[in-house]
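The two complexes that follow have subunit A in common; it is paired with subunit B in the first and with subunit C in the second.
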Partner chain A sequence: MTAATTSHHPEPAPLGGRIWTPFTGVLALLVVIMLAVLATRFIHGIGAVTNLSDGYPWGIWIAYDVVVGSALGASGFTVAFITYILNRGQYHPIVRPALLTALFGYVMAGASVFFDIGRYWEFWHIFVPRYAQVNSVLFEVALCISAYTLILFLEFLPAVLERFGMVRIRQKVDRVLFLLISIGVLLPTMHQSSLGSMLLVFGPQVDPLYQTQLLPLLFLSSTIGMGLAAVTVEGSVTSLALRRPVEGDLLAKLMRVGQFLAAAFLIMRFGDLAARGQLGNLFVARPLVYLFWVETALFAAPVVMLLGPAGRRPSRFFGAAALLAAGGMLYRIDAYLVAYNTGAGWRYFPSLGELAVTIGLIALEILAFIIAIRVLPVLPKMSRRAAPDPA
Partner chain B sequence: MPRTLPLAKTTDPLDGVERRLGMPRRDFMKFCAGLAAAMGLSQAAAPAVAQALTTAKRPSVIWLHFQECTGCSESLLRAEHPTLEKLILDVISLDYHETLMAAAGHQAEEARLAAMAANKGQYILVVEGAIPTGQNGAFCKIGGKTAIELVKECAADAAAVIAIGSCASWGGMPSTSPNPTGASPVSEILGKPVLTIPGCPPNPYNFLTTVVHYLVLGKLPELDSKGRPTFAYGRLIHENCERRAHFDAGRFATEFGDEGHRQGWCLYKLGCKGPETYANCPSILFGDVGTGSWPVGTGHPCIGCTEKGVGFAKPIHALAELLTVTPPTQFARPAENQGKGSTLATVATVAAVGGLAIGVGARLAKNLGNQPDEPPAAGDGK
Partner chain C sequence: MLTRRNLLKGIAGGAGAVAATPLCKEAQARGAHQLPDDAVGLLYDGTLCIGCRACMSACKEANDMPAEHTALAIGNYWDAPLDISGKTLNVIKAYRSGTATHKDQEQDGFAFTKVSCMHCVDPSCVSACPVSAMTKDPHSGVVHYNVEACIGCRYCVAACPFNVPRFTYDQAIPKISKCQLCQHRMDEGKYAACAEVCPTGATLFGPVIDLKKEIERRRSLTPGTQTTYPRGKIGGTDSFQGPVAHYVERTYGETEIGGTQVLHLSGVRFELLNKPPLPKVAPARISESLQHAIYNNLIAPLGFLGTLAILAWRNMRPKREPAPAGTAAPGPTKPDGGAP
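Moving on, here comes the complex of A and B:
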């Protein structure tokens, strides 16, 4: 086969190759464990597998799977924004993998909500206007995330249509793609900031270190950073696993933006703490404060690591991205679970069942990503130098 | 110490009240304040009420009885509030009332006609009982006239028409199926809405307050769509019921004399119609004898007597339609489980996943460091 590419970049193409390897086998096993736990959850109720209580009506399924999952899924809208709206065509090769990562992140978020809500059989109510409670932040988040997941499906649709040779439908989809992309850039800014607003509603139940009017802005800025970090990590790992060269230039540039956002996040956060007179509370010995400093270190590390020309090295920007993503993750889990305190006596730590579902969902995401890049045109076509077995 | 100071002005109209009603001034003022409160007026309105009761010309009242049990009149007279019956007779000029008037026969009819002529357009017409329309109204005749003719004749020049009791208000018990006499409410006979004080019997204070409202403010009180004064019928019985907390907590009596019934729990499951009946029974109670003196207070479910389609229509033990909230199906336990903390297994799992992520990340970073930095080569995909 020859590289019959007329465009600037190599066209995306399915990788092909074996799907079942020991690595994917382990992933599938984790998914099976998750399904067993979920069966228990749906037969015996949510109390049978989770540690949720009236004081902690949401746990890791919401704090990690929904809040962190959708934040990592910000890769889709940030890359789409840079590529299509800022018109930086050179990022085109990473659009599809980014959209795919986002799609899986959001499907995971949606699935977790479905597992978490008591009356899951009324899930469809979110799309029916007469059930809407338009003053609710949670409603805004739920509707916006649901809508964006649909948009992501449509944005990714050309890859599927291409694979199955449905040229005419693809042309039709292409004609409205600009609209989908613009909605797809707008929606996440709405619900990602609303995920912060949701904590505002809890008022004093959220620790003063975390409870601030800046929550929506902090969530939005760290989300974009996490999205860029997710693309970078995913791009680096894919290249490494498939023994392809890293898209070093592109990813390094993305992480420059990530570096800027991490710095902005830290400045806003400390500025806000100073303005609210909370700086003194950063030196009180208690678990939340330790976690705060770990977060701060995780956000500060990428800023330092990416300084100067050394920041363009793959190991540097990969490390920086991984730490930035971890920082965003920890910030969200801390804000939603650790800083959230309903009153004396209430406590929460995820049960084994909850952990099994979260781990299973992550495994499912990775598994689905591996299968998708093997059977669908996601990654740009290029020569590989060695055997394609990942990990 | 004398009850009245010697310096009291002899021109004070309240002096007359004391003599006329046989009621101490203090009691009279308290009574006026109570009426003002029932109308939703402030305490400051009490003097205005007293003024109206003592100085205004007593309005002439014509009181007609049709298909009824006279329970409304009885409850009005049996009210235990001190001197209330005197007040009724003194606040208003009751010129025609078949049960109470001494006159009989032609004398009684003359009194009615004379009062109507003398107070044309000024008198208040009170109708107690439903009006039979079957057989051209032959089921009820007074002085040779059918009930229909009497109502129309008396209503023609009345300043206001008040239907007292459920029968006059919406048909009441006589109108229940199969209704052989064609019992109908006053509003249907007159073809226009009238002020209604439904209830079987209605609370006398609801009637009295309405009349005093008319005397003090010169107009009838605010009415709901069924002609009922909103001060008395603006809220569901359910809303102010003393057993409401039991409803909200899901504690119901399920049969008479069971544990819940003895404990005074909610009577909803015994068919209490409080949730669909508008009346102020739980707020002002009956008979002036204190707490619990109303049907639900004594342990019987409300039968919804004020409400058309509920009272005498629905079976007494049929469940009420809940117009506001439905009772919750699940309730918090007395001691709520406050959640579970970490266990060795969960912490170990989290630590393992975290450790794995850090390990893989470090390994990947190391491998990336060994990557040769070369541009991607477009070419063979297989």
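Moving on, here comes the complex of A and C:
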């Protein structure tokens, strides 16, 4: 057993250990409930399990599972960008877990789209030039997300190949990895900003507090922040759960970038509102305005918390990350559902069935992550400090 | 089915399409769409409407739509839709206030309005649809729906500011429902069933240019005097004499999101008829202009990709070290440039 390089990082290795615990059992149960709801959905139609209507044709399956889910999955491309494009090799240990989270996030988003679209068996139309409608923002988003999911598979492939000792293919993949990584940065930049642009065509149906031509930039900046926050939260939780030391320095530095992006988001947002003469509407008492201020607080808190050297303490950056992720989530849910109003008389709150599917998908994602880190080389090998890898 | 090969092929094809299409389209911010030369549409004059709903049943019959049973229905026999829906493309609604004794009066009066697709000049539904299931006929301007192409994503439903496309949520094999101006009847030399059947000329079919002239004419007359109203379609033989009504200033559809091919006249303010004012600029235009600006011939994305690729290649070049061939757990070629 030799390590090929004299890297100072421990190589990733499967964790091993038991897969079935009470916790994973509960996760599996949630997945089974989801499957039951989905069976009803496919037999009796979308209306049978959702509260969707022609006033709210999109619910949490889109606003949460796709829009929020994929934004949290931005962890993959942001970390890949920092590690490989900005050449910060010290981030290596967190690349694989970040890619894996991204992969599951995107697969979950794709699955959710499949449950949500009414005529799912025609989904392939998206990929056929004959049907392509290039002016549609959704067309770009759908194509881009599909392509990126594929790229994520390929980016993660080395871990799988390594596990099964497929050296040759592994080397081939490695040779084009730089291209995969580059495409894997370009595509999310495109579709994450487009997830914001998607609201533009809704025009006056989206509240003027949220409807702006800056939507793509607001979505992109908050996505990157959310992605970094997701890596930080996940990294901390994984370390705690596995009783490993937290990658404190790395995560703290990541959250510095997150802090910068949160600040950029706030500046752009308020600047835009001022430019459009909307600041006065921020002091009208109505639910959307309250939510706006909660979002603002969630974005502002990390900026403040991470100021100064105290920002490097794990409890600080963990808290800041959690708040930033929550801010990004709320912003998306608000923009897609709360700020959307197609006229009087329509209301929407997710049904139990919709919640069961969303929760089931999240459970599936966590379950898959747990299984993956136990059987695949994802996390850096962690022999106790005193016992370094025999070289 | 979606196999991986299809997927790969598809992505290659789709990416090609994305790369190629902007080249033959206007790449930068696009201007407002214009009314097609042979555009046809409807004029709905609420002051002429008597609320008989003949247009609603004619629409059901012409488009083979099922009856809809609601709270209004008596027994199981009546079709009594309260709104357009997956089963209903056209609805006449009433406004009423106080004693509701006077027609077209805002206080203690009542008025009628029509809800159906407006056949926008720059339709949001067409701009939204990712698979070209919503299209605007370049000649007649009629906005069509092609169920064969539709994937059921409901982006059109969300996008339409008139809340027109409706979805059959109760079906396992669902589809969108929306008025297509009886295109199938036009192909037979007939025209929109709702206009054909309307006994009062309240719903009138015709070329949009002529409908606009007719609106001008009605507005130029003195309320209370008598005039001749065409019935069915404009330029037809059927007409009748009636009193000139008093209209509110706005023609609904004249400027709304860039104008529509269905135009409404009313004796009461449109806000009361649940037809709120909409911006003049089509949201589709804003959205497409921004997309085109960002993806102008894909120059920016490709430039970005090039930069990324160069940086990544530099940073990830494999180190020149002998690969330990044949080991079961080979060390990966570290794509790590090492700490700088």
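Just so it is clear, the second predicted complex is superposed on the first by the 378 of 391 C-alpha atoms of A that agree within 3 Å, B and C clash if a C-alpha of one lies under 4 Å from a C-alpha of the other, contacts with A are read in each partner's own complex, and residues count from 1 in each chain.
Please note the rule applied: contacts are C-beta pairs under 8 Å (C-beta built on N, C-alpha and C of every residue); 3 or more make two chains touch, one makes a residue touch a chain.
Computed from a prediction, not measured in an experiment: that's the story for all the values here.
K.L.:
After the subunit A overlay, clash or fit between subunit B and subunit C?
P.N.:
After superposition on subunit A, which the two structures share, subunit B runs into subunit C.
K.L.:
For A:322, select first, second, both or neither according to whether it touches subunit B, subunit C, the two together, or no partner.
P.N.:
So A:322 only meets subunit B here.
K.L.:
What's your read, subunit B or subunit C touching more residues of subunit A?
P.N.:
Ranking subunit B and subunit C by residues of subunit A touched puts C first.
K.L.:
Once the structures are superposed on A, label A:156 by its partner contacts, choosing first (subunit B), second (subunit C), both or neither.
P.N.:
neither
K.L.:
Just subunit B (first), just subunit C (second), both, or neither: which does A:146 touch?
P.N.:
Once the two structures are laid over each other on A, A:146 reaches subunit C alone.
K.L.:
Return first, second, both or neither, reflecting whether A:53 touches subunit B, subunit C, both chains, or no partner chain.
P.N.:
A:53 sits against subunit B and subunit C alike.
K.L.:
Which partner chains sit in contact with A:247 here, subunit B, subunit C, both or neither? Use first/second/both/neither.
P.N.:
Touch partner of A:247: subunit B, not subunit C.
K.L.:
Taking the superposition on A as described, I'd like to know which of subunit B and subunit C A:349 touches: first, second, both or neither.
P.N.:
first
K.L.:
Give the one stretch of subunit B, out of 236-244, 308-316, 344-352 or 362-370, that collides with subunit C after superposing.
P.N.:
It is 236-244; the other listed stretches have no clashes.
K.L.:
Can you list the residues of subunit A that touch subunit B in one structure and subunit C in the other?
P.N.:
1-3, 5, 52-55
K.L.:
Which residues of subunit B touch subunit A in the complex?
P.N.:
Touching subunit A from subunit B are residues 332, 336-343, 345-347, 349-350, 353, 357, 361, 364-369, 371-382.
K.L.:
Where on subunit A is subunit B touching in the complex?
P.N.:
Subunit A reaches subunit B through residues 1-3, 5, 10, 13, 15-16, 51-56, 236-237, 239-240, 244-248, 313-315, 318-319, 322, 326, 345-352, 355, 359, 380-383.
K.L.:
Which residues of subunit A touch subunit C once you look at their complex with the stated criterion?
P.N.:
1-5, 7-9, 11, 42-48, 50, 52-55, 57-58, 84-90, 92, 113, 116-120, 122-129, 131-140, 142-143, 146-147, 150, 158, 162, 165, 167, 170-171, 174-175, 177-179, 181-183, 185-186, 189-190, 193-194, 197-198, 200-205, 213, 216, 340, 342-344
K.L.:
Show which residues of subunit C lie in contact with subunit A when the two form their complex.
P.N.:
It is residues 2, 6-11, 13-18, 21-22, 25, 85, 124, 127-133, 149-155, 157-159, 161, 163, 165-175, 257, 274, 276, 278-279, 282-284, 286-288, 290-291, 294-295, 301, 304-305, 308-309, 311-316, 318-319, 321, 323-340 of subunit C that touch subunit A.
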